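Some structures are shown below for you to check.
What follows is a pair of complexes built around subunit A, which joins subunit B in one and subunit C in the other.
Moving on to the complex of A and B:
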């Protein structure tokens, strides 16, 4: 297993390099650029725009820009400068005389819009996303398994039909529409739930700030209830649109398992139905589900772009949308890169988990 | 949506009084007494006569302000969005403040210098083209208690003009040769050129905070990041308590600032900007009581607001952003083969029209202006919610001239085309000298613009002009000159269009027209992308640029507006509405159409009992 993991990690390196090239190419192909922020402002002269591009290194040839972003080139020298002024390869750690810029050194640059470090800005948005996506993921996977299993056990029953209808409706429902409906019904009309953010801005300091943690320490109960109330609508939105697909997946997998010989054998042995269903059929039915869940793990980071925007949830998804609006390319590239790396790692994790839950799999 | 920095202080000037010089000649006379010769009352334009009169409020409390766009740039000179200008107006003061009624009030200054009060001298001393002397209020302080003096204004000018600075408007600052500080409260600006918009050169940055931060770092945000903001000294009604990206921005009262009208610090303890991700969610948040005021809405949102029962709380005024059709004057004879500048549409869809540029014909442009039905666009596309425009000048600006409008008259359009030799062909489309009356209409992909162009295609067809609507991405049509090519679809900077529809957020000061319409400013050195070239227009704009006599400015701008309509510099469609929704809790809200924005008088806001 250890060898397999090491081999997969080594294989991931060219994949990640390929991803960085793809991300850079996508950003280059996107119309405009960071300087597009001045498009409607005739007071910003072409000279000023050029100075802006120079300040951010956007005047350099594309290979140079990419090389600097990756961290192989020294940004303080012209062209593709692979060696630092000390004649040491730039990609080596700073402690060995190398550079300190670029992805390879953990430096994703600065937000073009706010000047914050990209890593810091993305880091701040991670906890809100983890809270929202994590809550939703746990809830929807639990619900999907329950719905899928019972729909399979009660095949063609009223429950199964109802679950099917619910699945199709949920699957077809646009996230933004459902979110807005929930906001209008429970926020604007009934006024029973908050419609935006993580905390009540009239009562609480902003989530994540130093003042917030002081406030949290003094009134943890109030703070937790406040966050839970703010979580309800976005979590419901995510669960409704996501549970549908997974529950159908579990149902199909469970039906397949229930039709297998080993299940028939278990029944023939006189095992109780509960044992047959949950110990024999369900464990095997969940094998493909594990892969699916593994692939959903990056969602814990990348968040639900639309849901976070509608509910003004200060996570990665909203940051991503804001960065598009503000032509903040450095943040966009940082989010895309981290999400891509997490996807590669999540795939690896899913494969490992697969081996753990299925003893037949050997690496 | 972008409003630029100077915007923080910029507003328009207004005609306060214009007396009729011939009035005295109507006085009754008697044969026995010889009437004294009538002395015409000199025309007078005032810029500091605002009617602003806030009510006295009570101290304390907080107001939450919702916006669906988040502020990320906090240096007021780099602010580029409406919401960033709103934050800047609440936190940073300048020499003057632009009022809701297009006037100025002294803010950090004691008075507004003019030629009449001796504050502006033309020509100035020691070879200056102009010398402007500002006097600061005594004992001004930054929010951190440091003195705010002339040195800060001198530093600000140097900061703007620093060669390492970037992405900033230097307009006006580049006309200053030096600034002297004979005393901490006296700011003497020496201009090498007469600059009509000198009142707008009034922003200030804290020297003691910024002097040690290298400019190369500042242009990348150093000193102004969200973490930095609580320690950034402010000059206005509020200072920063916290900036939490993705959530809110919290301002608290700056006790070192005294209001321009009340002469006391702000009433509110706290002003919170809460960021929403979507306008509809913001409206629901307002209804749910999450915020007390919401801004940055459009006329198109009004039906939604009414449906939510907010009709009585809507504030909707015409903004300084106008939507217009921009005909390309170039005839292609001087087209640069490499860049395309000086040409017109190169879209293959119009290639079969023959050689030439139909919109370069003055008669063709005149026909366009009579063929376009603005009222129909407003009623059918915009629900009748916008204010139809006649020129690019806001009707409340002091230099507005009430010229006869070019109203919808398709028969007149036809007769103009007939007279100019555009004859109707067998298919109903006109042609002249082998050039078919076929044009490309360019715009962005906003739905209202798609719908507008569709209507205009039909309206033009009715007078014998074939139009092809081409809605492209904003990054194409507004492509920066150095980023685009002559083939960039609809690229304005490369003259790849016949007629374009887009919007301008006009400067409140008339000098903003100079670089857009004067023939000196063709690409790549300026923003006259429509290749407008008219000696009379240039002369009027040169006049505006070269004087600080506001009566002369007003007359020159009247000439400009006359030419603007007669020669069809543009076909203005409508002024967009600036919409805010203000809850009953907020006192002293005065909607401000200028780029000073709704928070221009946040110092006077209070929580009603």
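Moving on to the complex of A and C:
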């Protein structure tokens, strides 16, 4: 088992390297680049422009820039400098004499727009996104399994037909449109749920600030209720579309399991229906579902982008959209990289989990 | 010379009928049992898939509306009226609106889908004209994606070895990128000031080939080992001819099924990108960019504005998915109709 995990991890390395190259290439192809912001500014002299290029390393050839970005090259020397001045490989941690630059050292650079560190900006937006995506994920998996299993058990019943119609329509529905309609119904017409932001601005300081946490400490009950109320619509938006596709998948997988010989054997032995369904069929039916959910985690990211921008949720998705609008390259690269690596890890986890839960898999 | 090679992967010699022992004479037998071509068989099964026929009808209706509609209701951008920028837009069938009470005072047979807010435009006109761009984009970008995917998959599967490994690792990388994020960035960076429809089509085409290439590669890997390919090689047929005339036609039906899914995905993908304001400019209406300002007016209860373009997207994606389901069943040799 350990061998299998190690082998899969090693296989993931070239993919991650490929991802960094792809992201870097996309940003290189983008028009202008960081120095473009100053190109037409008459207040900036040519000398200052050169200084800026030098400071950002933009005077170096592209492979060197890439090498510095991933952290294998020493930015204090010209050219491809894989060793630091102390003749230590640059990719080693700083404590061992290596460099402190590049993503391999956890340094994603500085925001072009605000000058803050990219890691800090992304870190600040992480909690709201984790809250949103995490609650959506839990609800999504639970609902998909419940809906799929009951549709399979009551095949061709009214419930099954209704679930089928729901899944077809839900699958075809664009996430952002569902969000709009929910705002329209629950926010604009019924006025029962808040439609924007994470906290009620009249009651509490903005989420994430120091004042917020003191407020949270004083009255945690009200604060949590406030956040949950703001969570409902975005979570529903995210969940409906995902559940629609996955409940069909669970249903198909459950139907297949129910038709297997070992289920017939279990029934023939006289086991109670409940045990046959949940212990024999369901456990096997969920095996492919595990992999499928691992593969769908990336869709949670893209769903989060649009959901966050509709509901003004202060997370990574909104940061991403703002950064696109402002051409904030470094933040875009940081978010793309983190999302891509998370995708690789999710796929890896799904594979490993699959091998763990299914003893028939040889690895 | 068979005019068409059966588009069936697992079982190319399917209508393999042998005359029963002591049956009618050979001549009679041939006359009475003309074997159906694979396409006829597939169509027969497709016809029995009720949802697929509904989907096909819907799709025809939408395409027809997209082609004919703009001729009768051409897209006419409304020039901004001074001091009226916050005008909320009239609901469906409303001739005049009492803005203060936000209620319709007179109804009539006009604007069945209502009016947008802001630069008031007829939503019906926008949706009809948007159909043209959205459907065109869905199908064209699919064609680009399928073309690239088929070439990459065919090369990887047929050549194998190092080339295969390289191409498939590239596919792994592409699939690990958060595609809609990347599309957003690329669309924002590469869209020109004018004629950005094609740049968006190409962006979607360039990011929708990976699934097809994996599929085509796996098909090529299995078909490559079959006897008829071996026979062709033994006779001395060139590689290019083997790929295009012998293997590809056999891989055709799974590709068609995969293609149908790409169309739906790209239609809603474009809507997503345009809704966020990074896609096609509102000067060329699409179902996505009609919605792009709807959020700002939602507090005034303009339900008709987001409703109809969204329904159009859902209908189109549903139709394409139904047709895809039908095609899958029709081409699946294990399902018998």
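Operating definition for what follows: the second predicted complex is superposed on the first by the 308 of 363 C-alpha atoms of A that agree within 3 Å, B and C clash if a C-alpha of one lies under 4 Å from a C-alpha of the other, contacts with A are read in each partner's own complex, and residues count from 1 in each chain.
We take it that a residue touches a chain if its C-beta (ideal position, glycine included) is under 8 Å from a C-beta of that chain, and two chains touch if they have at least 3 such contacts.
Treat the numbers as computed from the prediction; the structure is a model and nothing was measured.
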item	value
Partner chain in contact with A:188 - subunit B first, subunit C second, else both or neither	both
Subunit B versus subunit C as contact partner of A:171, first or second or both or neither	second
Which of subunit B and subunit C A:73 touches, first, second, both or neither	neither
Partner chain in contact with A:22 - subunit B first, subunit C second, else both or neither	second
First, second, both or neither for A:208, with subunit B first and subunit C second	first
Contacts of A:137 with subunit B and subunit C, given as first, second, both or neither	neither
Partner chain(s) touched by A:340 [first = subunit B, second = subunit C, both, neither]	second
Touch count on subunit A, higher of subunit B and subunit C	B
Which superposed partner A:236 touches (first subunit B, second subunit C, both, neither)	neither
Touching partner for A:64 - first (subunit B), second (subunit C), both, neither	neither
Those residues of subunit A which subunit B touches in one complex and subunit C touches in the other	31, 180, 183-184, 187-188, 309-310, 321, 325
Subunit A to subunit B touching residues, read off their complex	31-33, 35-46, 48-52, 54-56, 110-111, 113-116, 121, 124-125, 128, 179-180, 183-184, 187-188, 191, 194-198, 200-202, 205-209, 211, 308-315, 318-319, 321-322, 325-326, 328
Parts of subunit B lying in touch with subunit A, wherever the complex brings them together	1-2, 4, 6, 62, 64, 69-70, 72-73, 80, 164-171, 216, 219-222, 224-227, 242, 244-248, 250, 272, 274-278, 280-285, 287-290, 308, 473-476, 478-483, 503-505, 507, 512, 515-516, 523-527
List of subunit C residues in touch with subunit A within their complex	169-170, 172-174, 176-182, 184-186, 188-190, 264, 268, 271-272, 275-276, 278, 291, 294-295, 298-301, 303, 306-307, 310, 313-314, 317-318, 321
Complex contacts: residues of subunit A adjacent to subunit C	14-15, 18-19, 21-23, 26, 29-31, 168-169, 171-177, 180-181, 183-184, 187-189, 298, 301-302, 305-306, 309-310, 320-321, 324-325, 332, 335-336, 339-340, 343-344, 347
